[in-house]
Each structure stands twice: as structure tokens, then as C-alpha cells.
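Sending over a structure as C-alpha cells; questions will come in a sec.
Residue numbering begins at 1 within each chain, and the chains themselves are lettered A, B, C and D in the order written.
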Amino acid sequence: MQRIGVFICWCGSNIAATVDVKKVAETIKAEPGVVFSDNYQYMCSENGQQLIKNAIKEHNLTGIVVGACSPRMHEATFRKAAEAAGLNPYMVEIANIREHCSWIHKDMDEATEKAIVLVRTAIAKVKLNAPLTAGESPVEKRALVIGGGIAGIQAALDIADAGFQVDIVEKNATIGGRMAQLDKTFPTLDCSACILTPKMVDCAQHENIDILSYSEVEEVKGFVGNFNVKIRRKARFVDETKCTGCKICMEKCPSKKGLNEFNMNLDTRPAIHIPFAQAIPNVAVIDSTQCIKFKTGKCGICQKFCEAGAIDYEQKDTFIERKYGAIVVATGFKPIALDNFNEFGYADNKDVITSLELERLMNAAGPTNGVLLRPSDGEHPKVVTFIQCVGSRDTSGCGKPYCSKICCMYTAKHAMMIREKYPDTEVHVFYIDIRTPGKNYDEFYRRAVEQYDVDYIKGMVGKVYNENGKLMVQGSNLIDNEQVTIASDLVVLATAIEPEPSVRKIATLLTASIDTNNFLTESHAKLRPVESPTAGVYLAGVCQGPKDIPETVSQASACAAKVIGLLAKSKLKTNPCVATPDEAMCNGCSQCANVCAYGAITYVEKEFRLGGGKTEVRRVASVNPAVCQGCGACTVTCPSGAMDLRGFSSKQIMSEVEAICKK
Amino acid sequence: MQEVTEKKEFTPNIVAFCCNWCSYAGADLAGSSRLTYPANVKIIRVPCSCRVNPTFVLKAFQQGADGVILCGCHPGDCHYVTGNYYTRRRMALLFSFLNYMGIEKERTRVEWVSAAEGAKFSEVMNDFVKTVTALGENKRLTDLRVKEGK
Amino acid sequence: MTREERLENISTLSGTDVKKCMKCGKCSGRCPAFKEMDIKPHQFVSLLAQGKLEKLLECEAIWSCLSCMACVERCPRGVAPAAVVEAVRDTVVRMQGKNGIKAEDIPPIVDELIPQQLLVSAYRKYNK
Amino acid sequence: MRDIELKMIERAKALLESGEVARVVGWKKGEFYFDPMPAVFETVEELNDFVYNSFCGANLSKYLIKVSKNPGKTAIFLKPCDSFSLNQLFKEHRVIRENIYVIAIECQGKLSVEKMKKLGVSAITEVNENGEEIVVSSLYGETKFSRDEVLLGKCETCKSKVHQVKDEEIILREMQAGKKDRFEDVEKLEAMSEEERFTFWREQLSKCIRCNACRNVCPACSCMKCVFDNPASGIAAKANDDKFEEQLFHIIRAFHVAGRCTDCGECSRVCPQGIPLHLLNRKFIKDIDGLYGEYQAGETAEGKTPLTSYNEEDGEPSDVFKGEEK
């Protein structure tokens, strides 16, 4: 005989304000099989859990239902409580009466009635639950970091320092990412390269870190603790083990007109090149779309001059396969394309630039050696106008609906740096709102205004047009209720940022969920901000949402802590809610194996007794519980119903359906 | 005016099967964002939309549901890699078949709702309830014994 | 019509949700008739949002708006300030009891020099 | 017809005598001329009862699931349409190819005793086929029909006269494909309103007596234990006091065989109530063809079925109804 206990949580007023929790608990007492029903203010609290534990022991409960928040929130908590009281943790079911009831309904009677149905449904299910025991799977003590920007670098260093092997896969020829392109960093104005490049070197020298530059993830199989990843090592046409980084090839290469991506295409580079002076690995790469040897078959000058004999025009993409226990995604961002914003004249005027382009123009290692010169004529600009929120907070479909978060701060930084270096320059900033939450952030922005006399104009720019060589920036000054036009020499667009587009493919490979803006979704916005809902996958940096360097580094270290915690375990508990075939009913038809994404189903020839001393050998399905992820695709494909899913059995769901339909 | 009040008296019984990773989380987000939808929508959690057997859908109708909706991750984003691709085929065929047998096509629906789409979840449910309310009670795919017994 | 109904009516006529405005002023930053307007495009949106009906009805700017729709085109939030201007204009015209221009009145007063834009905006302004 | 029968008996004898096969699956005389029955022949003597006449419509392939488990090879006579079913059974590992010896036989379309009865001829003693002319002898004399008049329903829309699997063949005359488009009747139903379709199926399915003949004859319905016989499935109820049970049974059955049904038409042939059950399966076949590309179950003995495969570009479930309303 089943002895079910029901526990209704108030969640303070979160549930109790709209659901009559006492009435729910009372009504449920009459349900067949229910021997105990109670309500409490915070069921997830220590006291609440104690209430559950006591009831389990006192009333000898065989199963419990907790009417509370989403099972995605506290199912694990209540399972643990049940286990502590000696009840199998899988004899617990949650009725979601908060997210799916009290929070979305306003009428108390209606919400209470629904809560009762939801609790009844959970009771109907729990009555058919079976005690389950989690299995174990080994953990591969190696981590994969996808993306070699500051997020990836920080995560890799932290994991490696804890003594675990880490591979960084970076699609570009060098690690460093966006941060390597920056000049100074806010709010301290220290030099970006000065703080980043030592970390890049640390990575290269760390005995536990393997940098796989110019590589991409091709295929991911397996699951937490046991990922099997295929990595494409793109042909760079230079032997990484031989190249000494002497740069003689760059000097001799006759094809020097390639756009320099590192400098935001503001200058050119040779076909064979090292992206920048401090690149890691300090190894050249040939741009085969530009190289004369690849285009005409003639040339080969770099090969002739390379003393190390590192040039190899025949090099092909190669693939390596490695096993990992955990994966950190740190794919970063790019500024959006400005095709939808003709009003700012970016395409037509060389002197309308993005902020990232300005970073390169201000950088000592950039195309102008750090001297601020206009791209059009190489003159010093006398009037510089910044426009914020270009493409951010845009719900018209032209840009991005979110705030890019970093623009207010870097624009203040740019304005300040220009005023500092060239005090005779006039600097205007058009802004909608100034958003500077963060330690010393608002103080930083105020310095730009108070100390550096930057002219902040509240209002958006409507148009930028060229008149007699001047860039006329026409916009609102909302404080004065005026329309202003500022004749400028240089216009800088604080362009919105978006996730690096390659993240989509990676999300698909990892089956990590992704939102409508292509940001990877975290497991919980507040409590599990660095974990992807896919176990064993962690998120660092802008791939998860717009953020600045300090936040990125914090998140990367948080990821590392999670990864270290995972890799430190010798075994992982596996989900016991896996598919299991009833061999007596299995036809051996292979339909289930056809739909299994994990290859968890194989077939065995088994002898069955037929009665009367006769036996029969039949082909039947066999599920590897360590590989099965418990999706249930096989259960529906199985025509005989031999395949069922533990924890979500057909009988359980049927019973839920029956209970939930009853009015 | 009268028509409106008459229709309001009928509140359809809606069963929503939601996959644990996207749509159930999307429903949670709708909840934490306080995006309302009618209380007659009730959710059953399944690990993946591909766990939903046609018998569950039929059972729901038999037991008096007036509309059944399946929600899963967007195709390509399935937590279980390919589960919802099978759902898509199965339910396309099943729903077309049910319609072939005369069941109103508006009573069945498949929607892809990600964990980030709380607003979409609420919109979808509001819309579905509206559609099914306009259709009226499910009479064609129900077990009279169940309806009378209640 | 009560005051509230009138406001509601303006809102309905405009077909735009003024609450979506984030007060960036891009509409006014772009407006070619800015100087001629006593109330600026962004203020139309703001005044309607605040329910300041009288200020809207008293303004002169409804007659200076060119209906060029630049503000609508550029708004990052999908708000249509020009539609609010139009709605206020229609309301004022209706309140004056005029029925606007009739189609048959047009041909005699049109010559080749009149720009198309003016004709179109005249239709918008007077034929409601 | 008789010439084929003799050749078949001759081959069966030779195969059994040589020990090449342990048994032969074919048809044997029933109580009357018009009711031959599927049978297994293990000795030459048993072959005395062997028949192959115009009424051998039954699809024999399903019998192999059980019979071929016994030691030794099993020979089977298959008409073209039956060979699709056997191939599908190979695909699902229900029958092992190596254990089977397939003799492909000629079929000009089988005849319906029901249709003959309706046309006033009963107590049939013999049928002779002369091309399109069918000469029926009965206790009361001789009647001539055209083939089209008395063809079995499932043969009217014959999908193929090509054997999908065979080890040898006994084909004396050229075979002609069906004349009727097999989706014609499905399209007629599709063109009706929801209400009309519902009325149609309610009328049809309320005739169902749950005798399970359709299930028992269906080569795709070969589960170790049918869900409808399994109390744990939650749908095992058999009570016939509500139309829902019949609806449910036939919906689930059609779904279970979707993508696997070869459209052999046996379900409708054996239904004692005359329910056009094949129209259920054909709807699935038509939808699959339209949505996911032409697919004929049983054409190959390997590969995935439409419901165990997918394409990233597949349409949405709601697309099914697009373009329907005009």
C-alpha cells in the first residue's frame, strides 16, 4: 500500500498570495493513498526540509510530493532531503505551483484549483515511481576551452594551475582575442597588451596547456565527464614546430596588400604573416586566398628565404580526436555590421569609424603608431564626435534589442584619452543614457566631464553628412530642446556588439541552448550563471551576454572553479532515468537504435524459455545506461512498447494525463 | 454581447507537454516574468518532446482535453541533439492524420519555445486557448464515459 | 468625447505605442522642420505618454510637420512620432468640424511644380 | 492458372526431396474452392493439398516470423506485393534472409469472392482466367466476368508487379500493374470537410467489432506482445461501449505501422465488417511521400524508415495544413 506525503510550500508570499495553500493541503488529504499533507512557509529551508524528513520517518512514507517552485529549481534539494530520511530520492515528485501557477494567475480561486490539480497530477505520477539508483561513469581529467581570448586564457590558466590538462582551441592564428586589439582598458587606463600578453605567454609556457591555434571544433560526442571531440587543425602552410617567428618571410613576401584584420582592415599585411608582434604561438600563417604561390603556382619566395624550412605549401587540414571531461565555451564577440545604419554615413565616409577601429588608431602598435590621424587624409582631427548606442537598444529590427553594456565606459575612455593626448581637440559625445554601474565606473565617466571637459550631449544623432569636407553631425540636444549640428573631423560610432557568429555551430555541436540574440543560455540567471544547461559545458565571457573585461575574467575563473570541481571527482553519478527494454516484449526490430542519438542501443541474441523445456533465441535491444541520456526518442519509436523510460515511464505519463485532465 | 458571454462560459481544458530543457524552462521564465496565461493550461513535464507518444495525446483527448500542445526546443537546438526532429515528423503525420479522421486541426499544435522565450510561451498559450475556446468543446475525440463520469 | 476618450482616440489613430519610447531624441535629431515646430517630434510622443492633451491640441507644430516620416524611419524603438503628429492634427481638424479637402477640389489647384511629397502629405493631413 | 500451380508443386517437391529446404509455405485447399488457406508443407505427401488459384490473395510473408525459426531453410511462394512485406521483415530483423528461399510467382491480381457473390454467383467450384475474361463455374452453371468487375479491392490499385526479393521465379505471363491510382480515395476524403470526414470515419469505425483480424493478418503488426493486449500500456481496454475505443485502436495501429506499412491491403481484405482500413494507412503513406519524399516500405531490406530518420529542413507540423484552405 502506498503511503504518500504531500508538502505545500508558501514560498513566503510568492505562492501563498495567490494560492490558498492551506486549502490545497487540506483538500489533498482526501486523495487515495495520501496519509500526510501539510503546508509550510519555506519548504526548501532547513526547517521545511526537516518537516519533510520527520514526516517520512513518522508516517513511513513511500513517496512524497512537494508543491513548490519549479523542479528545475529545488528538485535536487528535496531529493536530498528524502534520501537523508531514508527514502529513495527518486520517490519524490514536484508540483510546480509557483512558476506554472501562482506567478501567472491572479484569481485566487482559479489558482488554488489549478494548484490542486497539479498536486494531484504529481501524486498520480509518484504512485507509479520506482526507486532508482544512480550509476557511475568515469571522468576524463582534461578540459577543453573553445576560444583563446581573455576569457579562454583565464579559464585555461586557472584549470591548468589546479593540475589538470587543458586544450585551448582558437580559430585564429593566435590567441589573444579582442582584448589584444584594445589600446587602454577602463577604469584604470592601463595598457591592454601589457596586462594580456604576459598571460598569453603563461599559457604557451604552461606544462598543462596545449594551444591548438588555427583550429576549430568539428564534432562533439559523449556527455559530461566523457566528451569525445574532433578538432580540425586548419592548414596554415607553415610548420608550427619549425617556424621560429623570425619574420623574414613577411619582409620578403611580394604580396603585401592583404587587409590587416588585426588592425580592423585599416592597413595592409603580407600574405604570409604573424598577426601581431606578441602573437602566441609566434608562428606565421599563409593567407592562401592572397598568396601568389597558391593563385598562380609561381613564387615560393618565402620558402626560399625560410632558414628553418618551415614553409609547406602542401599542408592539408588535419583532424585530431581527444577526450575531455569538461568544456568551457569562450567564443567572444564582434561589433555588428552597420549596413542597416546608413544615417551615420559609415560606408561613405572614411572618417566615420567604429570604436574598435579607434582602438587601433590610438594603439602604439596600430597603423598610425598610436598617433590619432584621420583615415582619409592623415590629418589630426580637431573636432571628434562620438555617437553612443549605435545599434544597441534597437527594437526596430535594424540593430540589437539589448544594451551592449561596454560602450558608455569605453567611449568615456576614448574621449578622455583624446583630450589627454591632444588637449586642443574638441570632443563631443551624444548619449541616450549613461550607464556606469561598477566599482569606480561612474567616477571614471565623471572625470571625463569634469576633468577633461568632454561635451556630453543628451540626445541621439539623426544624421551624419559630409559638407565641404566636414562631417556634419546633426542630432538632438534634449536638455536644451534644441537641434544641434556639429561640424566634426572624426566621428566614432559606439557600435553594438554581438556574439561571434561561429557560436551557433558550437552551440549545436554541444547541444547547448542559445537565445534569440545568439547568446548562450546559462542554466540559471542568478544561481547558475556560468553553467550551460548541458552538463559539463560552461560559459565564459561575451558568448553568454555583453560584459567587460573584469566581468569576463571573473566569469572565466568561475568556470574554471566549476571545471576543477568536476575534474577532481573520480566518478560521476549518472542519471538513472534511462531507457530500459522489456526483453519479453522486444521484437528486436532496430527501430529504437535508428533514432538513438548516442548509439546507446545495441542488440544481443538471448535465449528465452518458452515453457515445456523449450527455449528460443531472440534478438533483443540492450541499452548502455552510461551512454543513454534519457530523452525517450526510442520509447515512442518502439511499436510494441517494450522500450520504456525510467522516471518518465509511459504508465506514469498516462497517469499524469488522466489526473491533469480531470476537472 | 450575448454571444461573447456565452462563449466565455466555456473554458477549454488544455494539456501542454513541455520538454524539460527548453519549453518547461521557458514556462518557468514566463512565470518568473509574471507573464500571464489562462489557468486552464496545465503542463506535463517530459525530458524531450520526442518522449511524447501519440497515445499520450489521444489519452488526453479521451480524458476530456479540448486541446493538446507540444512544446520543444527549436529544431537544431534539441538538448538531446536530434529528439525534436523526430517529434516534428511524428506530430506532423499524427496531426494530419487526426485531421483526416475529422478532428479539428486547431486542437493540436506543436511550438518550439526556448528556455529564453518566456514571452513566447505566454503568447503561444494565450493564442492556443483563444483558438480552442473558439472551437468549443472537444466532442469528436473523447470517451463519453469519461465526460459523463465527472 | 471625454478627455480620456479623446486621448485614447489619438493613441488609436496613431497606431503607435508611445510607451516604447526610450527618450533618445533621434526623431528630433533628424527632423527637417525642427526649427519651425513649437513642439518637437519627441515631445509629441512624450506629451501623449503623459496625457497632456491640451498642450497637444494647442500646438502649432501639427501644421509645420512635413510628414516626411524621417522620424518614423529612424526610431530605434519602432515608435512613430509622425503618426502621433498626424493623429493630433486629425483630432484638431475633426474638432473644428471641417471635413477636409474633397478629391474633386484638388485638380484645379495642382500644377506640375507641386512636389509629389506635398500632395501625398496633403492627403495625409486633410483627407481623414 | 493451373499451369503455374503445377510448376509450383513440382518445384516444392524438388526442394523438399533434395532437402534444400525443410518446409514450403504456400496455400492449401480449404473447405471450398474459393477459400484456400495459407499452409506449411513439410513432406511431399502434404503437397497433395497444395493449391494456387484466383483466390490466393493472402500475404504469406508474416508466417515466416514463426515458421522460419525452426531448423532448416524455409521456401516461400510470394506474389510481387507480398515480397515488399518480406523485405520489410528482413529490415526489421524479424526474418533472417539466409533462412529463406523465395520463389517469386506470377500474379495477375487476385479475385474477390465477395464481389462475385454480390454479382449473383455463389457456390463456386472453379475459376478460369483467360486474360481479361474470367470464367466462373459454380454448382449452378458458368458465368463470365471481366477481370475489373471481380478484382480484389487491394489489387485494383496494385503498386508493383516487380518482386523486391527472389531466389527464383515462376512467371509464365507478363503481369500488368494496377489501373487505379491508389491515393484517389484518400484524396476524396481529404477534399471533404472535417465534419464530413468525421461522420465518414465514425460510421465506418463504429462497425468495428475488435475481432483483431486486421492486426493478426498485418505483416507489420507482428509485435511479440501488442500494446492493446498489454495492461501496462494504459490503452489495453477492449470494451466496445464507446466509439472512442475503436477510434483509438485504429489511430494507434495506423501510427505504429506508419513508415513500415507496405500497403499490402490485407487489413481491408480480411475485415469482416468491410471497413476500408487501408485508407488509414494510405493517408500516412501519402503524407510521407508528400512531406519527406517518395518512400515505399519494403523496397529495400536495409536503411531507416521515414519515422526513424529526419531532415534538418523538414517542414513544421503546421505546414501540413498549408495551402489546404483556399
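Operating definition for what follows: a residue touches a chain if its C-beta (ideal position, glycine included) is under 8 Å from a C-beta of that chain, and two chains touch if they have at least 3 such contacts.
Note that the structure is predicted; figures quoted are calculated from it, not measured.
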Two chains sharing the most C-beta contacts: A-B
Inter-centroid spacing, chain D versus chain B (mean Cα positions, whole Å): 37
Inter-chain centre distance, chain C versus chain D - centres from mean C-alpha coordinates, in Å: 73
Chain A and chain C: spacing of chain centres that average the CA atoms, whole Å: 45
For chain A paired with chain D, centre-to-centre distance based on mean C-alpha positions, whole Å: 54
Per-residue multi-chain contacts in chain B, two or more chains: 54-55, 59, 76, 82, 86, 90
In chain D, residues with contacts to at least two other chains: 227, 233-234, 307-308
Chain-to-chain touches, reported pairwise for every pair that qualifies: A-B, A-C, A-D, B-D
Interfacial residue positions of chain B with respect to chain D in the complex: 54-55, 58-59, 62, 75-76, 82, 85-86, 88-105, 109-110, 140-145
Chain B partner contacts - residues on chain A that touch it in the complex: 70-73, 96, 98-101, 103-107, 110-111, 113-114, 117-118, 121, 507-508, 511, 513-516, 521, 533-534, 577, 595, 597-598, 629-633, 635-637, 645, 648, 650, 653-654, 656-658, 660-663
Touching residues (chain side chain D, partner chain A) in the complex: 69, 91-94, 222-227, 230, 232-234, 256-257, 260, 304-305, 307-309
Residue ranges of chain A in contact with chain C within the complex: 343, 389, 393-399, 432-433, 458-463, 474-478, 481, 483
Contacting residues of chain D [partner chain B, same complex]: 186, 189-190, 194-202, 227, 233-235, 241-245, 247-248, 251-252, 254-255, 258, 280, 283-284, 287-288, 291-292, 306-308, 310-312, 314-321
